[in-house]
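One chain, chain A, links the two complexes that follow: it is found with chain B in the first and with chain C in the second.
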Partner chain A sequence: MDLLNLIDLAQSLIDGVLFGTTYSLIGIGFTLIFGVMHKINMSYAAASIGAAYLSLMLVSLVPAPVVYAGAALIGGVLGWLIYLICFRFLPINNPLATLMSTVGMLLAIEELISHLTLGMPQNYPALFSSTNIEIGQFFLRGDLIFVFMLGCVAMVALTLLLKRTRLGLATRAVAQQPVAAQLCGMDVNATNAGTFVIAGLMGGTAGAMAGAAIGVLSPLMTLPLTVKGLVVTVIGGLGSIPGAIVAGLIVGGAENLFQFMRGVSERDIYVMLMLFAFLVLRPGGLFAAPGGRD
Partner chain B sequence: MSRRTRTLATLTAAAAALGLAASAQAQEKTFKIYGFGAKSGVVGIFGQQSEAAMQAAAAIINKSGGVTLGDGSKARLVVEYLDDRCNAEEGINVLRRIASQNDAVVAIGPTCSNVAEPVFGILQKKAGDASDSGIQFPLYTDVAAKGGLASLSQWAFRNVPSEANMYKSIFEWVKTTRPELKTFWGGVEKDFAHSNATFGVIKTQADSNGLQVLGQSEWLLNDTNFSNQVREMKRANADVVAISAHPFTSCGVLKEMARQNVKPKLIVGLTSSSSMETLQGCGAQAEGLVIPTSFAPVTDDAKNAAAAVQAVNPKYNMDLHNAAAFENVFTLVDLVEKNKIMGRADTIQADRQKMREALASMKETKGLLGKVGRTDDREAVKPYLFVQAKGGNWVVAHTPKQ
Partner chain C sequence: MDFYLGLAQVIGIHTLLGLSAWCVLHTGQVSLAQGGFFAIGAYAAGMLTSMWGWPLAAALATGALMAAAVAVAVGFPALRVKGLMLVVATTAFAEIVRLFFFNLQWRVQTPAGPVGPDGSLGFGGIRYFPSNGWTTLQVCILIWVLVAAVMFMLWWLDRSRVGTVWRAVGEDELAAQSAGINLTAAKVSAFGIGGGIAGLAGGVFAHYATHIEHSNFSILLATFAIAYPIIGGLSSLAGTLLAVIFIQGFLTEGLRFIGDWRSLLFGVLIVVVMLVRPSGFLNRSLGRSLGLGRATATPQTGDATRGASTHA
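And then the complex of A and B:
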C-alpha cells in the first residue's frame, strides 16, 4: 500500500469515526431504554428523525443552535408519547407485544414523514459546513467536528444526569431492581416515562446532528439508522452507555474502512460479520463480562 | 291544502328529485383508465405527480365532452391510481388486481424499473400465443426507464425517452462544443436498477466520444456519507464527472464535492434528477449540472400541461416523468375513439385486445415537445433537450437536432 493509499485509509477512518458520533447517540437511546425496561424500542431512530423534521418549523424563525435545542425538546415529547402508546399499557411480561408495537410505530412514523413531505429531502441547517480544517494531507470537516463535540457534550450531560440527579438515581434503581425500587416508594411508571423522555432528548439531538452532518433530512434515513443503532447497542453491550459511545465510533470508523478497502457492495456484509463475531465471541458486548459457552 | 299535506308534498318532491339525480348519476357513463406506480415511500413523489398529471389530462378531456365510446355514446373519463410502493411483489399484485376489474381496458405505469421488469414478465410474451397463460392486459408505461423493457412482452408499451440516444447525443455535444475536456469519472447509485443500468450507457458514450474513463465511485440509494467516493473523484481530477443517481444521493455527492473543493469542468446528471427535488435539495451545489430530459416548459402545450397539473394541486410540478403520463392519457383516449372500444364489462377482453393492437400499430404520437416516434419493439423515440441548473432553475442549455 503506497503513501497516498495510507493517507486515504487514515482519512476514511477519521471521517467514519466523526460520523459515528450520530450512531453513538442513537445507540445510547436504544441501550438506555433496554437497560431500564429490558425492552427494545424499535421506533427510536425514526422518532429521532421525526423530531428533527418537526424542528424544521423553527428554521426560518431562530438560529441553528436553537433549532437543534428544539429538536431535542421535541424528541423528549415524542419519547414520552411513544412510551404512552407502545409501552405503558401493554403487558410488561410480554416482550413481543412491545416489540411489535414499536415496529408498528416505526413504520407509522416513516409513512407519516413520507406523506407529509412527499418523500422530498428537506434541507437541514448545519453549522460550520463550509469550514474545513486541513492538517497536512488530512482534511477535517468542520461540521462533523461540531457534531462530534456536541455529541460528546450530550453524552457527558447524560452521564451527569444519571449519576448526580434524583431522576438518574431512580432510573438506575429501576434498571437494577424494579421490585425493590417500587418497595422503596419509587414510581416505576413515572421513572420509565422519565427514561423515555431522557432518551428522546438524546434522540432529538441525534436526529438533528444526523441532519446537520448530511445536510438534508430524508425518510430514507430512518431504517439505516435503526439498523446501525441496534448494531451499536449489541456491540457496545445491551444496557451499557459507555459501550454504546465506543461502539458507535467503532462502527462508524469500521464502516468507512470496509468501504475503502472492499467497496460499497461489500461494506455492509463486513459490518454484519463484525456484529456476528461479537455475538459469537463476546455476546455481552464490549463493556460486559465475556460470556462462557453453554 | 293543509300544512300536513304541504309538508308531505314537499318531502315527496325532494325525494323524487334526489332519486332522479341518483338515477342520472347511475346512468352517467364512465370510462376508466387505471394507473399504478410508487405513490408512497421515498419515491412516492413520482407516482403522486403521475396521478396528478393523469387527472389533469382527464379534466381537460372531460371539459371537452369526455370520451366517445364504440357505440357513439359519451363517457366521463375517470382515473384510478393504485400504489405499488416501488416494490416488485406489490406491483405484480396491483397488476393482477387491475386486470381482474371488468372496467379495466388499459393501465399506465409503473414508476420503477425494478417493478416494470417483473410486471412485464408476467404478461403474455407473444400476443395470441395460446400456450402462454400470461396476463393479457395492455400496459403503457410513463416512468420506468431502464432500457429495453418493452421487449419482454407484446402487451407492454412505453412512452419513456431513450436514455441511450440522449446520452449519446449529450456526449457528442460535449465533444463538439468542449473539445478541451479529455477525462471522465463516473459516480453511480449501484443498487437502483435505473441508475445502475443508465450508468453503463453513460460510461460507454463517454468512452465512444473520446473521453478517457479514469474510473468510477459507487454508493447505495440509502447512503448518507460520500467522503470516500468524492475523495476518489478528487484524486482522479477528471474534466467531466457524471453522477448517475437520484436526487437524494446526487445532492449528497454534490455537497461533499463542494466541501472537498472538487470542481470538474462539467457535471452530467441522471435524467431523473432534472427535477425540482434536486434544486430544492442542493440548488447551489448543482449549479451548472447538465442533464438530458424529455420535458421542459418550452412549448405552449408543455406550458399549458404544467399549469394544468398545478391546478390539480399546487404542490405538484410537471417533469419528464409525469409529462409522459399526461401524454399517455390523450393517446389512449384517441385510440379508444379511433378503434371503437366499447368499455363494457361484456366486451372487456375484446377491448383489451383492440387496445393492444392499436398501441402496436401506432407509428407516432403527439407529445408535449413535438411528435413522438414509435419503434417496432414498442418503445418511444421522444424529442429531448439538455437542461442546466442555473440560479435555482432548470434552463435550456441546448436543443440537439433529432
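And then the complex of A and C:
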C-alpha cells in the first residue's frame, strides 16, 4: 500500500513537471518584457490564451501541428498589438499607468473571449493523446510528453534567437542599459516592440500547450495562468530566463504534488505559501544574487 | 426609489474599498491584497453577528481590526519587496485568503437553524438588517456615515504628520529615508490602515449582501479597488469617489441596456483613461483649480522617482 502511494506520488510529480513547461513559457514571457522595459504586462497570459482561441479557427482547415504554429504566430501579433495599445504611447516613467492599462486589457480580453464563445469551453486538438509510454511502474501520457517537447523546442529556439541574432543582441543590450543602447544607435522602441513579438510567440505556444494538455480552452484559464506565470517569474528571479524555466517546472511539479496530497481545492494555497517562503527567504529569486531586496 | 438607494449602498461600499487602496497607493505601493482584507472583514463581521449574535457596531469594528491586524502581519514580510514583486506577493496573499474561505466550514446551531460558512456553498444567512427591522434607507445612511467618517479621517491624516510621511515615501523613498523617515513604519502603517478600511467595507458588504462566497473576493475585486483611485487620480480623495460613481453608477448601472457587454467596457475604459490621462481623471492641476487636493510637488517628479525605484 505504501509503495503504491509512493508510485502515485511520483507519478503526479512527473505529470506536473511535464505540464510545468507551460508555466515556464509564460514565466519567460513576463521575464523578457520585464527585462527590456522594466514593466509588467499583466495581459500577457490572457493574450496567450486568446491566441490559442484564435488558432481554433484553423482547426478545420489544417492539421494539428499547423494549428500550434498558428497559435504562436497569432500570439506574436497580439503581443505587438498590446505593445502598441498599452505601452507605446503611455508615459514611460509612470509604472502605475502601464500596470493599469494592461490590467484593463486583461479584463477586456477575458470578457471578449467569454462573450464570443458564450462562455462554453472549446475543445483543443491534442497530439498523441492515445499513446501512453510505460516505464516500469510509471505511465507517461503521450500528450504531456508532446507538450513538454514543444516547450523545450520553444525554449531552445528562444535561446538561439537571443544569442545568435541581431534582434536578440539588441534585446539584451536594451535590457542591460537602454540609454547606452540608444546612444549606440539602436531603436529602443523597435527593440521593445520586437521583444513583445518574441514574448507573444512564446505565449501563443504556451496557450496552445495548455489547451493541448488540458484538452479544452476556457476563459476561466486566464487568471490562474496569469497568477502562476507571475509566481514563476518571481520564484525564478525577475529578468532571469533560466530561472523562469526551472521555476516553471518546480511550480508545475509542486502544484500536482499538493493536489495529490491535499485535494484540488486546497492546492493553490500551498503554491502561494511556497511563493511567500521564497519572498521572505530569497526575495531575489532562485537565480539572482542573494539579498536583492529591491 | 429602492433602486437608487441600492445603488447608493453599492457606491458607498466601493468607495470605502477604493479609499483603502488609496492609502496604500499613497505610499507608492501597489497592493492587490485589498480584496483579501475585504474578505476577512466580511467573514469576521458576518460570523460575529449571525453565529454569536454580536451587535453590529462591535462586529464591524472587530472585523476591521482583524483585517488591520492581518494587514500589519502580512505587511512586514511583504513590504520588504516593492514594485512588481509586491504586486505578485499581494496577489498571492489575496488568493490564499480566498481559498481559505473556500475551504472554511464552520456551522453553529442558532434558533434560526444552522448558520456559518459552508465551504464552497458560501456563507448565507447574515440577516442582521432584516431581523432587526432596518429599512434600506437606514442601511444607506449607515454606509454613507461610515464613508464620511473614513474620508474625514483620511483627510485629517493627510494633513497631519502621518500623511506627510506617507507622501514623502510615495514621492521618493530614497529621499525620505535620507531625511530620517522609517520606511517600514510608514509603509506598514499605511498598509494596516488601508487593511482596516477594507475590512470595514467588507463587514458592511456582508450585511448588505446577506450571502457571501469566495468568488466575491477574487482578484477582480482587488483590481477594482486600485482602479478607482488610479482612474480618479491620487492627488485627492474626491477623485476616488468620482471614479466609483462613474464606474458603478454610470458604467455598471447606467449602461445596463447594452447588456453584458458593459463589463467589457470596464477594461477598455481603464486602457483609455491611462492613454488620455495617465495620472488620473482628477489630476493635480484640475484638482487645484476646483479647490481640492494640495498645492505641493508636481506629479511628474513623484511618478519619475516612483518609476526609478521600481526599476532598481
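Simple rule for what comes next: the second predicted complex is superposed on the first by the 290 of 294 C-alpha atoms of A that agree within 3 Å, B and C clash if a C-alpha of one lies under 4 Å from a C-alpha of the other, contacts with A are read in each partner's own complex, and residues count from 1 in each chain.
Here is the rule we go by: a contact is a pair of C-beta atoms (placed from the backbone, for glycine too) under 8 Å apart; a residue touches a chain by one contact, two chains touch by 3 or more.
All figures in this text were calculated on a predicted structure; none of them were measured in a lab.
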Which partner, chain B or chain C, touches more chain A residues: C
Which superposed partner A:F139 touches (first chain B, second chain C, both, neither): first
Chain B versus chain C as contact partner of A:P242, first or second or both or neither: neither
Which superposed partner A:L118 touches (first chain B, second chain C, both, neither): first
Touching partner for A:L223 - first (chain B), second (chain C), both, neither: both
First (chain B), second (chain C), both or neither touched by A:S101: second
Which superposed partner A:F276 touches (first chain B, second chain C, both, neither): second
Partner chain(s) touched by A:L4 [first = chain B, second = chain C, both, neither]: first
Which superposed partner A:E266 touches (first chain B, second chain C, both, neither): second
Footprint overlap on chain A, comparing chain B with chain C: 111, 115, 223, 265
Interface residues, chain C side, partner chain A - complex: 25, 30, 77-78, 80-85, 87-89, 91-93, 95-96, 99-100, 102-103, 120, 218-220, 223, 226-227, 230-231, 260-261, 263-264, 266-271, 273-275, 278-279, 300, 303-304, 306-312
Residues of chain A that touch chain B when the two form their complex: 4, 8, 11-12, 15-16, 19, 111, 114-115, 118-121, 123, 129-130, 132, 139, 141, 210, 213-216, 218-221, 223-224, 256, 259-260, 263-265
Residue numbers on chain B that touch chain A, as the complex places them: 40-45, 48, 190, 218-225, 227-229, 231, 235, 247-248, 251-252, 255, 259-260, 277, 280-282, 315
In the complex, chain A residues that touch chain C: 34, 38, 40, 85-86, 89-101, 103-112, 115, 223, 227, 230-231, 233-234, 238, 265-266, 268-269, 272-273, 275-276, 279-280, 283, 293-294
